[in-house]
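What follows is a set of notes on a single structure, which appears directly below.
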Amino acid sequence: MTRSQQVSYSLREISERFGGEIIGDPDIRVREVATLENAGPGAIAFLANPRYREQLSGTRATAVILGVAMRDATSLPRLVCVDPYACFAHVSGLLNPARQAQPGNHPSAVIHASAVVAEDAEVEALAVIGGNTKIGARSLIGAGCVIGGNVSIGEDVRLYPNVTIYDGCVIGDRVILHSGAVIGADGFGIAMSEGRWLKVPQIGRVVIGDDVEVGANTTIDRGAIDDTVIEEGVKLDNLIQIAHNVRIGAHTAIAACAGVAGSARIGRYCRIGGASGIAGHVTIPDHVEISTHTLITKSIKQSGTYSGAYPFEANREWRRNAAQLRHLDDLADRLRALEQQLKQPKRSES
Amino acid sequence: MTRSQQVSYSLREISERFGGEIIGDPDIRVREVATLENAGPGAIAFLANPRYREQLSGTRATAVILGVAMRDATSLPRLVCVDPYACFAHVSGLLNPARQAQPGNHPSAVIHASAVVAEDAEVEALAVIGGNTKIGARSLIGAGCVIGGNVSIGEDVRLYPNVTIYDGCVIGDRVILHSGAVIGADGFGIAMSEGRWLKVPQIGRVVIGDDVEVGANTTIDRGAIDDTVIEEGVKLDNLIQIAHNVRIGAHTAIAACAGVAGSARIGRYCRIGGASGIAGHVTIPDHVEISTHTLITKSIKQSGTYSGAYPFEANREWRRNAAQLRHLDDLADRLRALEQQLKQPKRSES
Amino acid sequence: MTRSQQVSYSLREISERFGGEIIGDPDIRVREVATLENAGPGAIAFLANPRYREQLSGTRATAVILGVAMRDATSLPRLVCVDPYACFAHVSGLLNPARQAQPGNHPSAVIHASAVVAEDAEVEALAVIGGNTKIGARSLIGAGCVIGGNVSIGEDVRLYPNVTIYDGCVIGDRVILHSGAVIGADGFGIAMSEGRWLKVPQIGRVVIGDDVEVGANTTIDRGAIDDTVIEEGVKLDNLIQIAHNVRIGAHTAIAACAGVAGSARIGRYCRIGGASGIAGHVTIPDHVEISTHTLITKSIKQSGTYSGAYPFEANREWRRNAAQLRHLDDLADRLRALEQQLKQPKRSES
C-alpha cells in the first residue's frame, strides 16, 4: 500500500454516499480497502467473483461489500449492493483519493514564455512545455513530460512522468495519461514512388475527449489530414497502437497490446480484448465485444461477441492438427466426393 | 491542422515540380491539402481510393489530384497523375515542409564536452548527449532525448522528444526517430547455467541507414556480437520489436506491433503486416508481403504473399469450429478410413 | 564493438575460472569475443549451434569455445565445454564487464531532499528521484529516469536512461531495467456503473526480485490492492505487458511482445514465447514452455510445451483453408453422418 490512509468512514457514511444495504453495525469504521485474503482490522474487502467465496470465512476484514446473492454468506458487518465491484470502486476511490496538483512549477521545468499554465496547476521537475500550449486548472504534469507547441490540455488532467505530446494535440478534462504514452506521433503514411518511400506529411491532430485514460507506452498517432479522435470516457490499457484517423467511440475499453489500424471506426461501449487487431478502414458498431488475440479483418454489422484465437494445445497435438489445417480444403473436397459417391442428398455447405 | 500554411502554389507550379496533366485553370492557387470531405477554399484534395469517389461531387476543394481513370469525374481544376497518392505526397510535402533545425543548443541540454554537435544543428531542452558523440549538420535533437556515448548521427536527422539511443550506435542521414523509440538496448541474450540465467553481454551496435523512419515506442536491440542492421529507406511503424542481429533490407516497410526475432534476415522491398512475427534465424527474400497477424516460422524461398491469421467469426460459431480444430487430425484419419472402406482409389493427401 | 577491451586473458586463466578442457597452447591470449565469421586475431569465438559448423574452417579467431562433440572439429587452440554457450557467456562477461557506477550525482539531476542515495551510487544527468526513495550501493540511475517517491532500489542495479518507476515500488539487487520500461503504472481496473467507467484505484505495488532484467519499453503494472510480483532471476524481453497482480516465478524468461493478463500466476523456470498471451487468472506450473504467438486461455496442469499459432501458408492456400475453417463443425457433422450411413461402428470423436 503506497498511500497514507488516515481518514476513516463508517458503513453508514459509505452507504449514504454510494447506496447499498447495511447489515450489522452501521457505525463500524473502515480506513482502507483490502483483499479478503490479506485484509486486517480497519479494512473493508469485497466479494464480486464467486470463485473467491471461500475466502469469506477466513477474512480478518472489518467489513465486506457483497452482492445481493451473497448477503448471508458471512456474519461480518457488510454492505450489500446490486453491483459490488462498482460499489467497491467507489469506496476505494473515497479511501484512496488521487494525488492533487500542488500549485506551482518546479524551477527545473522548461516552460515556453508563451505557454499558459493555470495558476493552480502543477508542473513537475524537468518537464518541457512548448509555445502557446495551455494547461488547465488543477492539472498535474509529471516529471520529464515533453508537451509540444499549441497543445491544449484541459482541467484536472494527470500526466504521469515521461509522457510525450506532439504539437497541436487536444486533451480533454480529467484525462489520465500514463508514463511513456506518445500522443500525436506521425501516422504511418508512406507512398512508394520510383523505388523509394515518400513520406506523406501527417498534419492532422489527436483529439482526446474528457475522462479518457491511456496506459503506459500506448501510442496514438496524429491524423494524416483530418484528426484521430478518442471520444470521452474511452479507456486504453498499456502498449496499444492507435493509428492515424482512427475514431474510437465513447466509453469503449481496449485491453493491452491491441492494435487499431488506420481510419478504423470503433463504436461506443465496445470492449476490445488484449492483443486483438482491427484492420484499416473497418467499421465496428456500438456494443461489440472482441475476444483476445482476434483479428477483425472486415466491418462488423451487428453488435455481439466476435472471436478468432487459435485454441492452444499440447505441442504434439497442435503439430498434428495444425499440419492438417494446411489440407483442410482438400479434406472438404474429399468429403464431398464421398457424399456424392454414396448418392446421399448433398447437404448445405453453408 | 497544426502548421501555418502561408505559402501558396499554382497548379502550374505544382505540375512543373512533380508532373501531372492540368485540366482547368493552371493559375489557380492552393495553400493547403485537405480531404475531399473537409476541404475548403484554397485546399487541394486527392482521390486515390475509388471507394471515396462519391465525395468528389460535394467537395469544396479548390483543386483535386486524380488518377488517369478518374480524369473526367469532376469539373474542378485538377491534376491528373499516374499515381495520385504519390503525387499528393509530393504536394503535401511542398505545402507542409518539416520543421527545420534552428541552430543552437538549449541551455538546459546536457552535452558532454567531447561531443561534436554541428553548428547548424539544434539540441532542444533537457536533451543529453554523451561523450564523443557526433551530431550532423541540420539535425534536430528533441527535448528529453538521451543519446549515449560514441554515437554517430548523420545530417538532417530528426529525433522527436524522449528518444533513447544507447552507446555506439550509428544513425544515417535524414533518419526520423519518433518519441519513445529505443535504439540499441541489449538483445535478449541469456544462457541457462546451473539453474540461473547468465547474461550474455551484447556488444554489437545498431546501424541505421539513410532515410529510415522509426515509429513511436519501437525498440531495436543492439547485436549480441556483430551489429543489428536496418538498411536505407526502411520504414518502421510504432511499437515494433527488432531483436539482436536482425538485418532488414532496404525499403522494407513494417506495420505496427510486429516483432522480428533474433538473427532473422528480411529482404528488400518487403511489406510486413501489423502484429506479425518473424521467428529467429529465418530468411525472407526480397519483395515478400506478410499479412497482418501472421507468424513466419521458417524461411521463405520465393517472393509472394504469405498469410496465417485465424479468420474471426461470431463467438458461437468460433467456439464450435475451434473445438473441432482440436480433432482435425482425427477427422482426417476417419475420412481416410471411409475412403478405404469404399475402396475408392486413395487420393493424394498432398 | 563499443567497449574498449584492453585486458587479455590466457586460455589457462579462462579455464581456471570457468572450467573446460584446453586443447592447444594454454598460454595463448584473447582480448575480445567475436563470431566465427568476423573474428580477427586476439578474438575468441564459439560454436554452439551445429548449423554454423562450416564457419569453423575459415575463422581467423585465435581460439574457440566448443562442445564436447566438436572437440576435434578444428586445430585451433580451443576450450572444450559441456555447454559452450554458457561458457561463452562467462568469457564474454569477463572480457566485457558492465560499466560501473562512478560515484556521484550529476548536478542537473533533481533529487528530493528526503531521498537516500548510496555514496557509491551514480545518478546521471536530468534524472529525477522522489521523496523517501532509497538507491542502494553501486547502483547506476541513467539520464532522464524518473523514480517516484517511496521507491526502494537495491544494490548494483542498472537503470538505463528514460526508465520510469512509480511511487512505492521495490526493486531488488542487481536488477537491470532498460530504457522506456515503466514499472508501477496503474493496472487496468475499471468498473462500469450507470454508463460510465469508474476507475478502481490501483494501490498495490510492483515488487521485483534480485537479478531480474526488464527489456526496453516493457510495462509492469502495479497491483490493484495486493502487489504484482516478479520473482528473482526473471528475464523479460522488450515490449512486454505484465498486468496487475500477476506473479511470475523465479527464473522464468519471456520473449518480446508477450502479454500477461491480470492475476495470472506463472511458475518457475517457464519459457514464454514472443507475442504469446496468458489470460487473466490463469495458473501455469513450473517448467512450462509456451510457443510463440500462442494464447493460453485456461490453466495448465502439467509441465510441457504448449502451442497454438496458426501455420502460415502462401496467401492463396491460406484463403482456401481458412475459409473451410469456418465450416469445420459442419464438416465434422457430415463426416459423422457418412460414418453412420455406412454402419461402421462410430469412433470416438475426441
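For clarity, chains are labelled A, B and C in written order, and residue numbers in each chain start from 1.
Everything below uses one rule, namely that a residue touches a chain if its C-beta (ideal position, glycine included) is under 8 Å from a C-beta of that chain, and two chains touch if they have at least 3 such contacts.
All values derive from a computational prediction rather than experimental measurement.
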### Arrangement of touching chains [line / ring / star / complete / other]
complete
### Task
Examine where the copies chain A and chain B touch and state whether the two sides share over half of their residue numbers (same) or under half (different).
different
### Query
What angle, rounded to the nearest 5°, describes the rotation that places the Cα atoms of chain B on chain C?
120
### Query
Between chain A and chain B, what is the separation of their C-alpha centroids in Å?
25
### Query
Do you know which chain C residues sit against two or more other chains?
108, 126, 144, 162, 180, 217, 239, 257, 275, 309-311, 313, 323, 325, 327-328, 331, 335, 338, 342
### Message
Going by the contact rule set out above, which residues of chain B touch chain A in the complex?
### Response
1-3, 33-35, 37-38, 83, 85-86, 88-90, 92-93, 96, 98, 106, 108, 124-126, 142-144, 160-162, 176, 178-180, 211, 213, 215-217, 233, 235, 237-239, 251, 253, 255-257, 274-275, 292-293, 309-315, 318-319, 322-323, 325-329, 331-332, 335, 338-339, 342, 344, 347, 349-350
### Query
Quick one: in the complex, what on chain A touches chain B?
108, 110, 126, 128, 144, 146, 148, 150, 162, 164, 166-168, 180, 182, 185-186, 188-193, 195-201, 203-205, 217, 219, 221-222, 225-226, 239, 241, 243, 257, 259, 261, 275, 277, 279, 289, 291, 294-297, 304-311, 313, 317, 320-321, 323-325, 327-328, 330-331, 334-335, 337-338, 341-342
